[in-house]
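Per-chain numbering from 1; labels A, B, C, D and E assigned in written order.
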């Protein structure tokens, strides 16, 4: 029989309990864990404490003698709509598993629920580890689903908006996806490394293989979101460029149509005493006609060049 | 002997039938399947029902104890010309295969036809699974053929059209290809995973190998369409850029040719009382000559710079 | 002893001949083959006829029971200079090989010649297959050589031409290379797949390995041509962009030099009754001097900005 | 028991000491080492001296008969904020390890400290080598952490600054990251090569595997920084392009709005004797009205085109 | 004992000499070799002569029965500063090695020198082959060192020069690096293929492994130069683009500041009889004031938009 506890995480309590149950799952917040001076009670905690207190925790499978210490990420979407990235820790020893976290992951509750409702068969340490890592991967799935729906929202506006703030949103979105894809990829390495050792060997053909495939899938899905975000950005930039070209063409046409007229009118606006054309009876009308002809010739030229 | 049915998919009927035939293929729409409360009759359906009801079904090989549940994509081109992506499900148990779908895939009918006409040798569950997956891959082949011919239609207009809507079509086409290439790639993973287990081991050197090669080919072909679409887009953008440069050059030449003339005519259009040149007999004609000379010098300069 | 024939491709003739020779090579055009109703005479031809009649033949190693059917590409350069891509078929059965083609590949004649001149040692079916595939790969080598020399011709003009049609040639060339590189890559997969089975196992350390290396080399060479074509295109686009920037700079300088002069002359061209400067004795000359000073200041500013 | 010395690195001293201790770690600066004419005392030093004196030392695992000579990089951040790259050398022989350096790496002191405080269990040559390489990798971790924080500083200004010097900083930063990522990647190859031989075989499942994972992680992290830097640069370029487009649009609108007005005023500024409109009573006001109407039509046109 | 000769390369001389020495190294220029009609004396030379006479020699390991024929590249820097690429050939038979070249590679002299000075232990054919291939790889190292120093020279000017010829130099440099990186990569395949066969098997853990690592390193280093050259080009293009944007902005500001002034002065330069403003006492000064106000408003607008 398994047992779940939150407060009684002293080594002697663990030892005592292990006599009566098959597997023990110790859950605790990092603060509680550190405040209880467990370093005196659970072996090897010096290294673990160091890992927990690191500034930028490294997602990794740490091997400490014959035991394993996992530093793994998970993601929570808050009511405000923001996505937050957390780190949790799994320490696996013979007979029990310790999980530490800043904020208890949602998916822990699902596992607890399944265990209580006997939806999960007979447990041992490795199977419990498997269920934790499997549910954690489902967390990454939901992350990529959320990203995908966000991207679809962003993409729907691509042909309408012409603003730097829209591009900024796209770029920020992509950077966020890139960062989280990288994090999930690191957690895939953890599972790969787990596979190379014989931890889940007793049931190799199912447990470790399933984990590998799931994490590969999660990583692949995030890569798909990332590439899609890249495509959206490249599309936006291409469209904006073509629009700018179109305006450029408009300016070119207007400017080259009107500049010769300006020159002509400038010439006959000069104040020289001796300018015979000015005294011609139809000088003004001839000039207007010449202007019209120049304009028509230019329009024909532009039509041929397919600029108009 | 094999047997195909659509309506009688109750577990007891299956059990009864399995006594008389070698392999049973149960086909049903998802609605029928769910409405008949099969969860009471076929084992493990709770997990399956959950997978079927998922919002964004994940293309994947699910392992449920010793049985396998496939979530696979297929594509149908409708009369309107639009391409629609569907999901179908394969559930493989000892002695029978259940396939579920929203809309019955075209390629199922081909297999049925072949079975009826005895074109396929003696069946067992694995061989039936092989035929379904093989025909499904042919569906992906026809998808990439259709994409290729669509792309050729689009590409034929590349040097004639100058519009944002054409670019939009290209970008949308590419995104569609990218999305479907990703989906087919996921289904390739399903077959890869299938290969790692011993399901088709009895005939390893033919069945699973053939599937692997076929799915790799389908994936490769879609990647080729994707790269070709990228090439078309990059070509279009390059050509549009060069055209814009050409117009820019035209504007540069016209503007720099005419601006000095505007300045000169502007100067002699000023109304100062004391402007000696205005009273020169040939002032106007000298000015016109100077304008012509400036223009000629500029043209020579541009010719040398190869701008003209 | 081996035997080569073109017309006598009936199954009974084949069976009869096989009693007297070690290996038989049957060559035929597809039309001849299909017209002779061989489907009655050679086994499995129904599947083969289907493959031969496909609209877009798929380059692939088809496994039909214990026999193999190859769909392979080859390339012919016509007198007109155009490159044409063909498909030929190899059907390998115990004791004989059937090759089908629209137009007899050049490299077949080389093999025939070598066989006649006894340059090739004792043949069997696998060795004959090896020679056909080896010579076919030499065809791909010559393809990449031709592409390379074409690219060198194109590249030599890169700094002189400024035209959309040149870019169009580059892009079309690249697309052609990309398409053929993809085709040769698919034929490399055929040889890879061939290697996985035990067809050439009797002489593993030489035959199949040599084929693998040769096809990898051909593929690698085409990839090199492709990347080189990409480099040429990117170079052309970069240079055209820099040229456009240079013209832009010229326009900027001319426009910003002359626009202030236009404004000044415009102001003193106004017809207000009360404009004191117009009546100044040296008003005109002072204005000219101011214009000159503004121009000089601007030129100094541009020099400092390194725009001039 | 292990022993650490700096000055007594003569071969006879080493031989003598090795009788009394299990493992010996000889540390020395390159200058000291070369000045003491050790080439007479330690075998194989001719090759080593050559490697040490190379202009551009190649990061590599050199195999010299049965011994190994490592050329490895490490990084030091100086007070001035600059990052400096150094090379150090590890020579592993039976029973002792020689490490040579220009400037003693910081992480050596950490290992010494751990050994003195007995934090490390019973040592042998391979375990000592392992600790050196492990701590060296921690040096690469801190490098990537520093890069990441530098990039975050740079990135925070991306939407505010519009200057070539900012782009220059970004590009220089990226080049530095690229260079160091390449160096760390080469050091990963050293550990990979180390894994292929049986040096750390005695404890294969822990030591060499841990090193491999650590170096792969360090390399992966630097690749992440590199890609992030690329993303920042691409973002900056995209935003600058969009800003330039926006200015272009502004110019287009102003120019095309005002140019027709210039032409009209130019026409009625001509000095022809016979220009009937000039004598109309409301000619001037009609002209102003026409100008206003043209401007309004243009504004409506621009609004429709979404340019305004 | 080994023996090196240049002129006596007749088969009977070789046979005779092989009785007295362990290993024989025959060096010859291709011309000498071909002129001496060795095809009568050394077996298999028909195929070899064909390979030597090929127009575009393919870098490759040719297997001719049980012997091996290498086509390998090497690079020589001439006094003029130009880099020249050559091909040399290695033919390995039992007991002797034939090397052919157009121009004797520099690194051959180094090996000869080492052999004469007994720096190399007891030789056999495989060890001699190993030394040749190893020294050849050092030639590639020096190639990448030279490229790197050339690139550093080019890069140092990146922020100062604004010219198409500089871009041209960068692009040509990159193309050269790309071409030679491709060639060295092909020679890496030769060593990879060599590794798969059992030629150097007698001493597998040292010789072939060392070659593999060395060639991978050389290839990796050239890839680094290539990527660095790409980075320099991309940087140059980005900087040139930003500079062009900056000039564009300058033009935009000048043009939009001055164009309204031109329109106003144009309006009051019209010659209508009835223009009341012209007769106002302070009309001219009011107009100048309006011009100043418009300019100031625009400057404020630009400041807000951060264009100024």
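Odds and ends about this structure:
Here, a contact is a pair of C-beta atoms (placed from the backbone, for glycine too) under 8 Å apart; a residue touches a chain by one contact, two chains touch by 3 or more.
Since this is a predicted model, take the numbers as computed values, not measurements.
Put simply, the C-alpha centre of chain B and that of chain E have 37 angstrom between them.
With each centre defined as the average position of its C-alpha atoms, the distance from chain A to chain D rounds to 23 Å.
Residues of chain C in contact with at least two other chains: 241, 243, 248, 251, 255, 262, 266, 269-271, 275. Under the stated contact rule, the graph of chain-to-chain touches is a ring, a single cycle where every chain has exactly two partners. Each chain touches the next in a closed loop, which from chain D via chain E reads D, E, C, B, A.
Note for the complex: chain A touches chain D at residues 55-56, 58, 60-61, 63, 162, 164, 167-168, 171, 174-175, 178-179, 182, 185-186, 189, 193, 196-197, 233, 237, 240-241, 243-244, 247-248, 250-251, 254-255, 258, 261-262, 265-266, 268-271, 275, 277-284, 287-288, 291. Every residue of chain B that touches chain C in the complex is listed here, in rising order: 141, 145, 148, 159, 205-206, 209-210, 213, 216-217, 220, 224, 227-228, 231, 235, 238-239, 241-243, 245-246, 248-249, 251-252, 255-256, 259-260, 262-263, 266-267, 269-275, 306-307.
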